[in-house]
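Think of it as A, B, C, D and E in the order they're written, each chain with its own count starting at 1.
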Amino acid sequence: MRIGYYPGCSLLGSSREFNESVKAVCEAIGLELVEVPDWNCCGASSAHVLDHELSVALPAKILAQAEAAGLTEVLAPCAACYSRLIGAYSELEKNPDHKTRVSEIIEMPYTGAVKVVNVLEVLERFADVIQAKAVQPFARKVACYYGCLLVRPPKVVNFDRPEDPQVMDQLAAKVGATPIDWPFKTECCGAAFSVTRTDLVAKLCGKIVDSAVKLQAEALVVACPMCHSNLDMRRPETNAALGKDLQIPVLFLTQVIGLAMGIEPKKLGIQRHMVPVAFNAPTGAQA
Amino acid sequence: MSSASHHAPHADTLAARVKAATGISLAQCYQCGKCAAGCPVSEEMDLTPCQVLRLLQYGQDKYDERAMRSAGIWLCLSCETCSTRCPQEVEIPKIMDVVRAEALKRGIAHPKSKDILAFHRAFLDSVEQTGRLYEIGLVANYKLRSGHFLKDVMLAPKMYVRGKLGLLPHMIKGTAAVKRIFKRTLGSKG
Amino acid sequence: MSEQFEPKITAFVCNWCTYAGADLTGTSRIKYQPNVRVLRVPCTGRIDFMLIMKAFERGADGVMISGCHPNDCHYTSGNYHARRRWMVFRDLMDFMGIDTERVTFSWVSAAEGAKWGALVNEVTDKIRALGPNTEQKQLVGLGVE
Amino acid sequence: MESLKQKAKELLEAGEIKAVLGYARGTSDTRRPHVAMSALEVDKLVADQACTTNLANLLMKHEIKHLGKLAVVASRPSTLRSLLQLTAEHQVADGAILALVPAEGGVKQLGTAQAFEEHLALVPQKKTEKDQALLDRLKAMPRAERFAFWQKEFSRCMKCYACRNSCPMCYCERCTMDCNRPQWVPVPSHAVGNQEYHLVRAMHLAGRCVECGECGRACPVGIPVHLLTFFAEDSVRAQFGQGGGASATIDNALSTFRPDDKETFIR
Amino acid sequence: MSRIGVFTCHCGENIAGTVDCPKVAELTRQIPGVVHSVDYKYMCSDPGQTLIKEAIKEHKLDGVVVAACSPRMHEPTFRKAAAEAGVNPYLCEMANLREHCSWVHEKNEATTQKAADLVRIMVEKVKHDTPLTPIKVPVTKTALVVGGGIAGIQTALDIANAGHQVVLVEKSPSIGGHMSQLSETFPTLDCSQCILTPRMVEAAQHPNIKLMTYSEVEKVDGFIGNFKVTVRKKAKKVDEKACTGCGLCVTKCPNKKIPDEFNEGLAFRPAIYVPFPQAVPNKPTIDTANCTYFKNGKCGVCSKVCPTGAIRYDQEDELITMDIGAIVMATGFKLMQTDKFPEYGYGKYKDVIDGMQFERLASASGPTAGVIKRPSDGKEPETVVFIACSGSRDRAKGVPYCSKICCMYTAKHTMLYKHKVHHGQAYVFYMDIRSAGKDYDEFVRRAIEEDEAKYIRGRVSRIYEEDGKLIVKGADTLMNGEPVEIKADMVVLATAVQSQDRSEDLAQTLHISYDKYGFFAEAHPKLRPVETNTAGIFLAGACQAPRDIPETVAQGSAAGAKVAALFSQDELTREPIVAVVNRQAPPLFSTCTGCFLCQTACPYQAIEQEEIKDRSGRVIKTVAKVNPGLCQGCGTCVAFCRTKAIDLAGFSNEQLFAELMTL
């Protein structure tokens, strides 16, 4: 099986462990990733603030490149990229006459032939394979954190349920983890304010991390590089805001799956985290 | 011929601009406050989301201006919590985009928007130049634009050690095409 | 023709809304031009498209068709059926080159006496400006003589 | 062709059907309808590119109806579309008529409306380039010019009703044209009667036309009458999303409605 | 040749002021077929009518045109006059010279000419008029009331008290409906059961009421006065005659862990059960889906203990067909379930309950005997948040309408709570307080001022659980949308009132219309609020739209009065303006081709299929036939019919054609 792959900018930089772990897991489950040729940035959380048309044109260019390469489906592991891509796709499907205008802007035909999927959606298709290959169960209590962009707005992404989503929990359970039932699965972490309003991010992340620890989670599991960097890289600020010293690690779901499949931690980029991935009691998976 | 034109909002109000740009009618909002109740940052806002919508509902310059001058609109994270739960299905983040763009155009954006804008501008600069985001370039550019030179200086070495910072930008083949996209969209609107 | 052309306008209206609306125009003493002749039918659903053609054949320069607003039909849905019929019929008339400007479809409720008066005036003026329905009249001339 | 004959014989022998309605060689290169009730008659069946007539038209004739269960050769999709529309209009019971569709390397036997629908999904109906070109040209004309075009065409019409008689959907035992109390449409073939006749025919077929084009082919004086019903069908499909001959179960577009039907002309 | 009389009315100056009436009389006298034409000052006056009647006799008129005011005004007057003089009333037509001519035009020649034209049109119509006789249909004086809640009970009692037979059909094992579940009622706080149960008993014992519980309407044919209704009487597996209602089976049933519907899942019941102590009839029913005997053939305890041997495991559903003259739908409503609220936990928090569950908690006969205890741990909640408009006025949840009763019952809940938990604090999140009604707003004020409920104007965005508390995140829009967070012990959602499940199916069975929310549609929102578009079928209560008890009872009585009025006649007389499908000599039989496209066009399901058979019974042709009992005469089918096989009496093709030909 093959699928189009749009890593996005963060996965080449600050979140390269996500890229590494997605690739490692996909290889293990037999899914070939075909990178969209010469892809550009999707505009992330900046383009739409300054110009709506730009925020549609950049993702449309990516999808048009994919279309030209004969792809019909593109996996965007980064939740922010996914959100921009599917948002543009959905808007252009709703207003088909805008397709002509956008094609002019991006200088190539955009027809809407390429569908966008997120990493949970793709892994869900392989849930049984993943379960079968989970030789070293990740026997930890985990708090699955979805963030905003995977499930909202529900009419656009049309994936899982908008409040209290389940797919990540189910996948984590398939590899031996025990997902906790907790109320902060989709509370915002502060997203793009990481640099400009670190104080706010610290406050929002504080609620999330604190709740997970209170409910005895041993790890936070995420599927979004922005959430990851806020929960992981901004931990010093978060701890300062909370007045606590919480050392709960933040793993990408693909890392959790990868570890359970027995993939070498280094290949999954475990060493790249700011909050070290270390657990108190020994388990089947080590980091 | 059609009677629809009777009900079109006054042409140059912000509400009319919102309608034209997004198709959303401000009249849909019935001020239940559910957006403000769920918004992760509404406590930080000088105007909560429902208040911004309320001001726009008047269709009067002084209220439009009050909305555009607020700091709160710059705090919206576009997390979509409000629109997901809105009983009237108002897509508030899209409205926020329009209000911010108008505030910038008229030069009345709140001073606190400076840093946030600097970040977004720096981000887009990077994309315009290389086609992709160049994170180091972004941080350097942001610092230049915002003046926060010492921000996060302790973070960079840690990131570097963990292989999280690429020192060179990724150039794509289609940079020229991307630049033209910027010109046709952002550029054409000043 | 030295005199000003006075158009002949035939109207088909439903009993429950437009006929009553036109009654209200009268009770309100709203004046309009006397060119229109109203034929009463129970419902717009009853209006056979052929009646429109027959009106033209009889020398009508304009035809008006009017009934209850959507959702207000006395018979709940006759007007909806009529609307679909007209949507196709009007397209087809146009495709055959028959002037659809001469057929006015409207919803006039029992409360819209003023609307009826204004509409009749507007249609009368418009048809007067368009002139006699020569195209259709010539067909009859060709056929009947 | 051989597989068609083979299939026809099998069905007749098994007693599944009483007759096959197909094509046989006519004069010169033409093909004519042919009813085969025996092996001998089956041998006369032809299946080739020249078999274009929509045989569904004949199914509604008394002489054919009385033969008993039939198989009809559906060399073109419009025959199946006719069968679907006739089923929707309670003229043919679902499953009462078999369709034999000549296909590559054999013949496909279809027995139910559902099977017809499934087959039709594979062979979309398309207008000929010539028809499409003329339609487009007409639509682009100024209205008065279009009026003149049709009046010129209709001036040749002599109300022979060949278009009506060749239409599989014009199965009414007594046509409106023959209705004289009141006399809706004047009998003589003069201008106003001709215009009204063609308008009535097109309106009566709107939402029901299967677009076989038989009417146009039947016209002895070459009036493109089929474009009227084609146009009506396009209008119905564009505005209501459903047209004739697509299904045996969907209600007719013009005898149903949606409260939110969108038009632009009602005041 | 016709002998038509034309009578032109001056209407004082109303017509004569602008129209030259004598000239109209003169002009119209020349129309072929007109043998008499006069004008007169007031045609509708007694002398005017006498003038017409005498002219009819003197000139042997066979048709009359009265050129006067709108037919909507005086058509009945003149038709009656014509009938009195021996002319069929449907041969009398009116030309509208007043509203459509004299009142709207200037005084000039064109106006007079138009008046003459209007008369000409009607003369041609009269020429093609056919004498019509009002349609008479017999009436079966038995009413069917569907639904045994307070709406159905009230309707049934009113009809029965008027002396007519009623069949009251209820789908569950007991009548009583939602009202029997309520604790106390607003705005008087009187006990619901205390006022309802006497009515239930009265209905059960009324000699004119036949009660059919655990039964559902399966099929409805026919038309007003003449319905044929099939009811499925579901097997209770208990012989109602043999059973004494001693209740031994209920106490002995070993399977006692079935969620109790009457207590909204807050308690359990056995597999053989009586829904509640005051149930009518007070005899048990076996819930076969949960009964051990029906699941695996073992057990049979109820049968063993029954002192009268009333248990019938082999009892089957019965289909009962009956003749019915009128039907009243009183099927009520349902509440939106708490699992429809993603932001409030998809129903996973046990202490987030709906309004009906709160009623059961507050009810003296409820699972907690009226003590407010929260479902999760049975503790007394010290802080309770009530959320109004939960799902109502919420287009995102598919319910844009106001559920109407929630404002009032939420105020009631806060009072009941405060009366039972004196130190407790009730909060109410609301958007607007809709308390129009006698003593209603005073009631809400009492909840706020005396029982200290704190009302916060804003919606709640989210509820989640933390440290054993429910965190309720709302906002106060009266304080600039400031976020408000309340740590509650229990949350009560005033969930939306919705139409019953499968109400659309039921509406289709009865051929009545329903709105997009599944509520049954009234014939006219103002003037015919308890009638449906199908003659002879009426509506009562919340099956039509959300309603409170007083309105429901008023509507039940209104529907009852409608039925009683219908049953006061032995025959129904209907306007003969109906469609007819022609019949012709063989072999054509009818010009109808049997395409039946008219069936979907008819708004009243009045078009039936008629099989024409030969002597041996073989079907030769199937053609359309209009049921004159159902047809309302809109004529949509007429315009639709390609072969002109259908025509409409009073507005026939020939008539319209002739009218047009005068122009």
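Heads up, the rule we're going with is that a residue touches a chain if its C-beta (ideal position, glycine included) is under 8 Å from a C-beta of that chain, and two chains touch if they have at least 3 such contacts.
Here the structure is a predicted model, which is why all the values come from computation and not from measurement.
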| item | value |
| --- | --- |
| Neighbouring chains shared between chain A and chain B, ordered by label | E |
| Length of the shortest touching-chain route, chain A through to chain D | 2 |
| Pair joined by the larger number of C-beta contacts - C-E, A-E | C-E |
| Furthest chain, CA centroid comparison against chain B | D |
| Innermost chain, where centres are averages of C-alpha coordinates | E |
| Computed distance of Cα centres, chain E from chain B, in Å | 51 |
| Computed distance of Cα centres, chain D from chain B, in Å | 58 |
| CA centroid of chain A to CA centroid of chain C, Å | 63 |
| Centroid distance [mean C-alpha coordinates] between chain D and chain C, Å | 34 |
| Residues of chain D whose C-beta touches two or more other chains | 184, 254-256 |
| Multi-partner residues of chain C (at least 2 other chains) | 49, 54, 77, 81, 85 |
| Per-residue multi-chain contacts in chain B, two or more chains | 81 |
| Footprint of chain D on chain C - complex, ascending | 49-50, 53-54, 57, 70-71, 77, 80-81, 83-100, 104-107, 119, 135-136, 138-140, 142-144 |
| Of chain C, residues touching chain E in the complex | 6, 8, 10, 15, 19-20, 22-27, 29-34, 37-43, 45-49, 51, 54-55, 58-60, 74-78, 81-82, 85, 117 |
| Parts of chain E lying in touch with chain A, wherever the complex brings them together | 342-343, 345-346, 348, 462, 464-466, 471 |
| Of all residues in chain D, those that touch chain E in their complex | 89-91, 171-176, 179, 181-182, 184, 204, 251-252, 254-256 |
| In the complex, chain A residues that touch chain B | 9-10, 12-16, 38-41, 43-54, 57-58, 61, 104-107, 148, 152-154, 162-163, 186-188, 190-193, 195-198, 200, 204, 233, 269, 271-274 |
